[in-house]
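Look for subunit A in each of the two complexes below; its partner is subunit B in the first and subunit C in the second.
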Partner chain A sequence: MCKAGRPDMKPAYPQAGSYPQFADLVDTERSQVDRKVFHDEAIYQAELRQIFGRAWLFLAHESQIPGAGDFVRTKMGEDDVIVVRQRDGKIGAFLNSCPHRGNRVCMVDAGKKARGFICNYHGWSFGIDGRLVGTDGKVYDTDPDFEKHAITLTPVAQVASYKGLVFGTFDPNAPSLADWFGPFTWYLDVMLDNDPEGTEFIGGCIRSEIECNWKFPAENFVGDILHAYWTHQSGAQAILGGGVDLGPQYDERAFQASIYGHGIETNLDKTGNTKTLGYPELVDYVFSQYDKAKDRLGETRARMVGAISSCTVFPNFSFLPGQATFRVWQPKGPNKIELYTWTLVNKSMPEHIKELYRRGTMMTFSPGGVFEMDDGENWEYCTKANEGWVTRHQPLHYALGISSKIDAPDLPGHIHRGSLNDANQRYFYTRWAEFMRFDNWSDLMTAETAPPAKAAPGVAAE
Partner chain B sequence: MLHVKDPIGANLDRPLAGEDFRAAERFLYTEARLLDAENYTGWIALVDEDIRYWMPGMETRRRDDKRGPYAYGEMAYFDDTYAELKVRVARYNEPSAWADNPATRHAHIITNIEAYETNDPTLVAVFSCFTNVRNRNEKDQDVIHGRREDVLRRHGAGFRLALRRIFTVHNVLLSKNLNTFL
Partner chain C sequence: MSLTRLCALADLGPDKITRVEVEGRSPVALALADGGAVAFDDTCPHADESLSQGWVEDGRIVCAVHFAEFEIGSGKAHNAPIGCGRLRFYPTEIRDGAVHADLAD
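And then the complex of A and B:
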């Protein structure tokens, strides 16, 4: 430091490495996962580097930030990020950390029409495009060596939207968002494109803390409808007056689909999830929209719009079709997450229908919701049990439905018959292992979880 | 018509006095005791059938942000009518409500009680603060602090809860769930 040369303020995007010893903890031959992946600090740090440092991560819904300067603050892994609408209508995202001493430049959750972000420490101020526009006082202005133009909030390397949902990645070399999803968009469109006017989030975001590893809720939403029968008996009884019916008939029209670790399990029962929100009027509404959705999406996907179903976009963005809850499981160390939840509705829905979705998600999938209330403790003790030295050496069983894979030429991805099945969870951990093993995208995009070649199943109408 | 989005209409120059105040105070303590005992059926018997029960999510916003820390119609923990509160009570009474079996140990600590007349002689406006402590299993502890603004409706010699606005001090709920009423 004493030599006092000029700083190089170029944003830095850390490179990935390779951790085959961690990848091997997912044993696909035996359908087992080593519990080390749920508690080990070194593995968690590798996840931040390999997964959260590279994957496309959910940032916001475009409807949250409609005008220039509108912003929300969120997390990518443990990195604090500002997502802000630019004057040209595009969306930018920046690390929320001043390049001077590192302080946050934005302390609030969201705001409208910001002209910029000012660090409270020394008054460095940044435009909504991230560039340093000024400093407090005259000292910097009179220092001939101060290179103001070279200083910026670190931009998230790539930001892109898919039908209203905004994602970002810290990896300049990551494939496009479209390639990241691959044909999984065929399933995302069930929620995002069943109506020509598109979707929006209801205002606000409910956040809560759960002392669990982030992968437990992510794997739950990727394919664990099985737990609903046991975990959620009380909620179903309270809302529907009966338990969750997952009897033999349940699985006849259900399947699991997985592509690059993203997964959806779904029935084709039209309104099974919507019913659990507890408002018959909402069920009638979903039925009333069926023909329109069928014209747009075809029969199979139109039947999925309100069906019993759950989905995770790898690694930590999940939602429940039909129940309209969208959420991110933000990692906070190996033993803790912060859960962000929103409610998604179609823009064209009448106000009273949007209001019923808002109330319905509050009644069901919210910290005080009659379903979510019983999930957290399960995930916490799945995590805490590994404090035991001997316990943590015991294998975990992910082998339900190991012979249930089917060709299903009309459905994109790896398809398994029935949704009472661990199939998507096996693919989720296989994808996790691919991220641990590979330091490059060409391997990542051609590995086992990549979708099998199939004829295009038909795309959503424009 | 009462609505949770509106202020509770307390006439701050007309505080309840004497036995009238003590009755309002006793109502809050009775309610807390029933909730501590997980007697949700007993609790909802103190609730008026036109209840509105609201606990918005609390955002961190700049002082000059016109929206403020909460906005009616946005994401909330509760925005319930009587029918919705009854569904939540029904879940608590199910033997398979696993997050409450084994039982959670509750302490609803109610303080800073002020009660005032409103322009409607059948209604009184009550402010209070709470510390809610939940502890379960060995040492799973969740603590919520906040303020409440209630409207109580006179009912015989006592009251029924007609409206409640709950504002916590928390931005992120520091708990895995909210298995109680506040």
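And then the complex of A and C:
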């Protein structure tokens, strides 16, 4: 340091490594997952590097930041980022950390029409494009060695949108967002493209903390509808006046689909999820839109729009079609998450329908919501109990439906019959293990979780 | 009054501020506003940063560094950090497609 040479201020994107010893904790032969993955600090640090340092992570909905300078703050793994609309209409994302001493440059959660971000410590000032525009001309500009143009907030390496949803990755070598999803977009479109005018988030972001490992909620949404029968029984009775019943619609007209660890479980009952929001008017509305959705998406997907269904986009972005709650399980150490939730609606919906969705999601899936509380308690005890010294050596069972895989040429991805199944959770952990094992994208994109080739996945088959 | 030629009118663009070095004095900034060219000190009265990094918005010049806003014409400062003075504007004239300004004290 005392040699005092010029600094190299280029943004740095950390490289991935390989952790076969952690990958082996997922035993695909026996459909088992080692309990260590839920509490071990070294594994958690490896997740930050291997998964959150590379994966495309959900940042925002375009509707949150319509105009130049509009921004939201969020997390990518444990890194704080600012997502901001540029003057040319594109979306940029930057680490919320000043390259001088590291202080955050943005303190608020969201705002409109920002002109830039000024660091509170020594006043360095950054444009909405992340570039250092000034310090205090009276000091730095008199230093002949100061290279202002070389300094910038670290840009998130790639930012891209899919039908209104904005994602970012810290890996400059990550495949495009479209490749990252692969044919999984066919399922995302159930929510994102059932109406020509597209979607928006309404009512802001609700944040809360749950003392659980981030993978419990992610695996729950990727394919665990089984728990609803037991966990949500009393809540459902209170709202619906009757219990959750596991009738034939979970078996005959239901499936799980998985692609690159992203997964959706669904039945085809049209409005099962929407019903649990507690407003008959919403159920009528979803029925009234069915024919229109069917023209756009075909019968199978139109039936999914309000159905009992849940989805996780690997690693930690989840939503419930029908209930319209979208969320990110932000990791905060191995045994804590911060949960960010939003409500997604079609732009074309009448205002009072949007309002019912907003209230419905608040009453069910928010810190004060009936179902969120049901789930959160279970995930907290799963996390804590798994930590016991002897307990952590015991096997866990992920084997429901191991022989239920079907070809289903009309449905993209790995398909299992019936939504009461651990299949998507097995694929989720297989994907997790692939991220632990592989240090490069060509292995990651051709591994076991990659979608099987199908003649014409999608609409043609309807 | 004595006019100084600053640059070709064609060099100015909407939504940008152009900085011009002038022999023997501090740089001058030019912008398109009110259907013509306006000239003012490029050096922000707050902390000496260049206003050419800023932009024009709703009849004001906005400094990109700490976001002080200066009314075009009067130079009165709004939303400015403490101690920020008024911005000085200069009368302009277009001759032969070039922007000239009276930079006399």
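As a working rule, the second predicted complex is superposed on the first by the 453 of 462 C-alpha atoms of A that agree within 3 Å, B and C clash if a C-alpha of one lies under 4 Å from a C-alpha of the other, contacts with A are read in each partner's own complex, and residues count from 1 in each chain.
Simple rule for what comes next: contacts are C-beta pairs under 8 Å (C-beta built on N, C-alpha and C of every residue); 3 or more make two chains touch, one makes a residue touch a chain.
This is a predicted model, so every value here is computed, not measured.
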Self-check item: Comparing the two partners subunit B and subunit C, which touches a greater set of residues in subunit A
Solution: B
Quiz item: Where does A:G204 make contact in the superposed view: on subunit B (first), on subunit C (second), on both, or on neither?
Solution: first
Practice problem: Based on the superposed arrangement, let me know which partner A:L226 touches: subunit B (first), subunit C (second), both, or neither? | Solution: neither
Quiz item: Looking at the overlay, what does A:G127 touch: subunit B (first), subunit C (second), both, or neither?
Solution: second
Quiz item: Touch check for A:G137: first (subunit B), second (subunit C), both, or neither?
Solution: second
Quiz item: Of the two partner chains, subunit B (first) and subunit C (second), which one does A:M362 touch, if any: first, second, both, or neither?
Solution: first
Practice problem: State the interface residues of subunit C toward subunit A in the complex, per the touch definition above. | Solution: 43-44, 47-50, 53, 62, 64-67
Exercise. In the complex, go through subunit B and note every residue touching subunit A.
Key: 56-57, 59-62, 65, 67, 70-71, 73-80, 84, 87-88, 90-91, 94-99, 140, 171-179
Exercise. Write out the stretch or stretches of subunit A touching subunit B in their complex.
Key: 107-112, 202-212, 230-231, 233-235, 237-239, 278, 338, 341-343, 355, 358-359, 362-363, 366-368, 370, 372-374, 376-378, 380
Self-check item: subunit C partner contacts - residues on subunit A that touch it in the complex
Solution: 115-116, 118, 123, 125, 127, 133-134, 136-138, 141
